[in-house]
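My questions will all concern the structure given below.
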Amino acid sequence: MDDTTGEMLGYTMETLLQAGALDVSFTPIYMKKNRPAIKLEVISEEDKADQLQKLILTETSTIGLRLRKAQRLVMKRKNLPVETEFGIISVKEARWEQIVKYAPEYEDCRKAAREHGVSLAEVYRKAEEACYQTEEGKK
Amino acid sequence: MDDTTGEMLGYTMETLLQAGALDVSFTPIYMKKNRPAIKLEVISEEDKADQLQKLILTETSTIGLRLRKAQRLVMKRKNLPVETEFGIISVKEARWEQIVKYAPEYEDCRKAAREHGVSLAEVYRKAEEACYQTEEGKK
Amino acid sequence: MDDTTGEMLGYTMETLLQAGALDVSFTPIYMKKNRPAIKLEVISEEDKADQLQKLILTETSTIGLRLRKAQRLVMKRKNLPVETEFGIISVKEARWEQIVKYAPEYEDCRKAAREHGVSLAEVYRKAEEACYQTEEGKK
Amino acid sequence: MDDTTGEMLGYTMETLLQAGALDVSFTPIYMKKNRPAIKLEVISEEDKADQLQKLILTETSTIGLRLRKAQRLVMKRKNLPVETEFGIISVKEARWEQIVKYAPEYEDCRKAAREHGVSLAEVYRKAEEACYQTEEGKK
Amino acid sequence: MDDTTGEMLGYTMETLLQAGALDVSFTPIYMKKNRPAIKLEVISEEDKADQLQKLILTETSTIGLRLRKAQRLVMKRKNLPVETEFGIISVKEARWEQIVKYAPEYEDCRKAAREHGVSLAEVYRKAEEACYQTEEGKK
Amino acid sequence: MDDTTGEMLGYTMETLLQAGALDVSFTPIYMKKNRPAIKLEVISEEDKADQLQKLILTETSTIGLRLRKAQRLVMKRKNLPVETEFGIISVKEARWEQIVKYAPEYEDCRKAAREHGVSLAEVYRKAEEACYQTEEGKK
């Protein structure tokens, strides 16, 4: 898309996510006639596809869309609340075969950082610490 | 492609479009050994594919290409000439189900901007105004 | 910065803007050892510089900052409320020497688009129309 | 700039170069509210600065510009026509202290490639060959 | 991926290439909540896919992967050693139908440039010269 | 630079870092005639500037360079070796006014990850844990 503004695209991303898109991203590209442009990519479940297509055609200037079915491998996710000095933080556990990893929930961390006047990095660190201690305690 | 220069790529884009490619774009990427590179993407009708593949293999340094059939959803396009103080400007109407949108034709606008010594934005604005007045007059 | 995550950077942008930065942007770059990285640029008034520097050093992993005084040319801005079928929309007028241009206020347009169930583009169009009619009426 | 389209930017680049800018480039960046944007950079001689500033403010949506004097180190350039099987090609010689390098003139190469139905790379190669043979012959 | 650092990604690229991936690249993208992110793309033969998937899930923070079979058109490659004043340099010949092109082997050129204290461009040039002389001698 | 290949640029980055540049980065940009290009930025101490300029002019196709003195704010750095189950890892401590942060040394972590067959993320985590325990122990 070389004739939709960044403002319109920011609005479109917000609208697509509210409407249930799983993932929305912008990739900077270069098109003919020296036009810097953006490739908009949207991942969604099949049943939402029609609605999201309409959204894109309405809110952006694009004349066409490419549609592609994708095979996805997704790790099993579980929510684990952990206690930290900043309160309870949700941690997302992801498992696939032997692989396990943990990631603190962004919105919880952000809220805690603002409330306690500490850096976001510090909240993440404490949440990860608590989480790994819990998990290692279980073993 | 990490061993074709920007000059060669600019020339390749021009050549591909002249040969009938529907769309050509460059995406900046990063490859091994600290090489900034470009991903060249070409969309074309199936019957032009062979010719465009030869073009890419001849004009760039690439050793291989990935080929993929894509399902496309394209809005119905129609040309509407509108009268403005800068002369006749073509406006492209695009329709799909309930969605209708208009976009002034770039080349006409550019020519008018240069001839009348006004900004391209002003020509676009007048063309859109005239276009929406025409369409709303019709209702 | 090649060792701060996108999540942390998104949080940092939000925090810098809240703290009074005039402008914050991310530029994708490539660094040594095949590291994709981000260049964070912040524009601010001189009196806010210290506070924003502290913020960057606290919230990101960066060890250093480059500081530069910049000479800026800024157009004179004025707010013009215009009436549209979607309610009152603020339009920003910008003037410098002979150059005048108008841009509808994003937040007003967004609110109107959501309330009236129309595309953001349509709200922008009506706001621009109303604005230019007002201005041309004045002449 | 997050509210100028790619089409407008392509037109602006063309206009700036015609007006005498030495160099014009677009850098993809990311701004607040999820807006993909473009940073427009223009290099020019000081005496052209005012005219180019007006152009940018007229043709794009930007409200302000940053101005910076830059110290430049430029190699001494000379034009060397060389004979190739595709006709005469201009080659640019660049010298600075002990460093000498040659680059075939793009427009000549492009013309020759089209006229003779060969790849641009082949024309470049022959022009470089002829050029280095000439230079080495001189030694 | 918006929560893996550039350092981790650089390490991941190295590990994937060691494990037999044919191609690994990073594309800068922009995701929700103002997060600059990276799209990691890996091309591999089918039999290596499982192993590389495990690697990506282990070394990065990603929760899921998209998998896609691709049809590839690859030119026939052959290694041609050529003699230059800097020693023997391998040149890769690539053929497909009528198209033939040559590219000096990077690692050989790099080694020669360092050993002989000349620019990489000069080594490439001599290697290409030698290569085309050989090929044209054969005709 | 729109006429230097990614291979040459990767080599140039390596050479500049070996020659003592503090920082080298590539920024993808777009230039005239549809050329995707790269902006090469090098930060160095003043006494190395001449040598690095020569390197750039020799190894790349660029005809000119922009030179700029920059004012830098750099945190005080110290090396702290910490003991982990993977051996001794160096951790970099950075201090400025009230701000303190720690970052495990990449090369040590990488070596440990390979030797012990664990993910790089796990080594980083253990090193950070050990580091913060040490620091908090000191308080």
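Going by the order they are written in, the chains are A, B, C, D, E and F; count residues from 1 in each one.
Note that in this section a residue touches a chain if its C-beta (ideal position, glycine included) is under 8 Å from a C-beta of that chain, and two chains touch if they have at least 3 such contacts.
Small disclaimer: the values here were computed from a predicted structure and weren't measured.
Common neighbours of chain D and chain F, listed by label, are A, B, C, E.
Path length between chain A and chain E in the chain contact graph, taken as the least number of steps between touching chains: 1. By number of C-beta pairs in contact, A-D leads when B-D and A-D are compared. Mostly differing positions are employed by chain A and chain B in their mutual contact, as under half of the interface residue numbers are shared between these two copies. Chain D and chain E have Cα centroids lying 28 Å from one another.
Distance between chain B and chain F, defined via averaged C-alpha coordinates, is recorded as 39 Å. Shared interface positions of chain A, i.e. residues touching 2 or more other chains, are given as 3, 7, 13, 26-28, 30-34, 36-37, 58, 61, 101, 106, 121. Chain contact topology: the protein chains form a complete graph, every chain touching every other one. Per the touch definition, chain C reaches chain D in the complex via residues 13, 17, 23-28, 43, 70-75, 77, 92, 94, 96-97, 99, 101, 103, 106.
Across the complex, chain F meets chain B through its residues 1-7, 9-10, 13-14, 26, 28, 31, 33-38, 61.
Chain B contributes residues 3, 27-33, 37, 39, 53-54, 57-58, 61, 63-68 to its touches with chain E in the complex.
Residue ranges of chain F in contact with chain E, taken from their complex: 7-8, 11, 28, 58-59, 61, 106, 110, 113, 119-121. Within the complex formed with chain C, the residues of chain B that make contact are 28, 30, 32-34, 36, 101, 121, 125, 128-129, 132.
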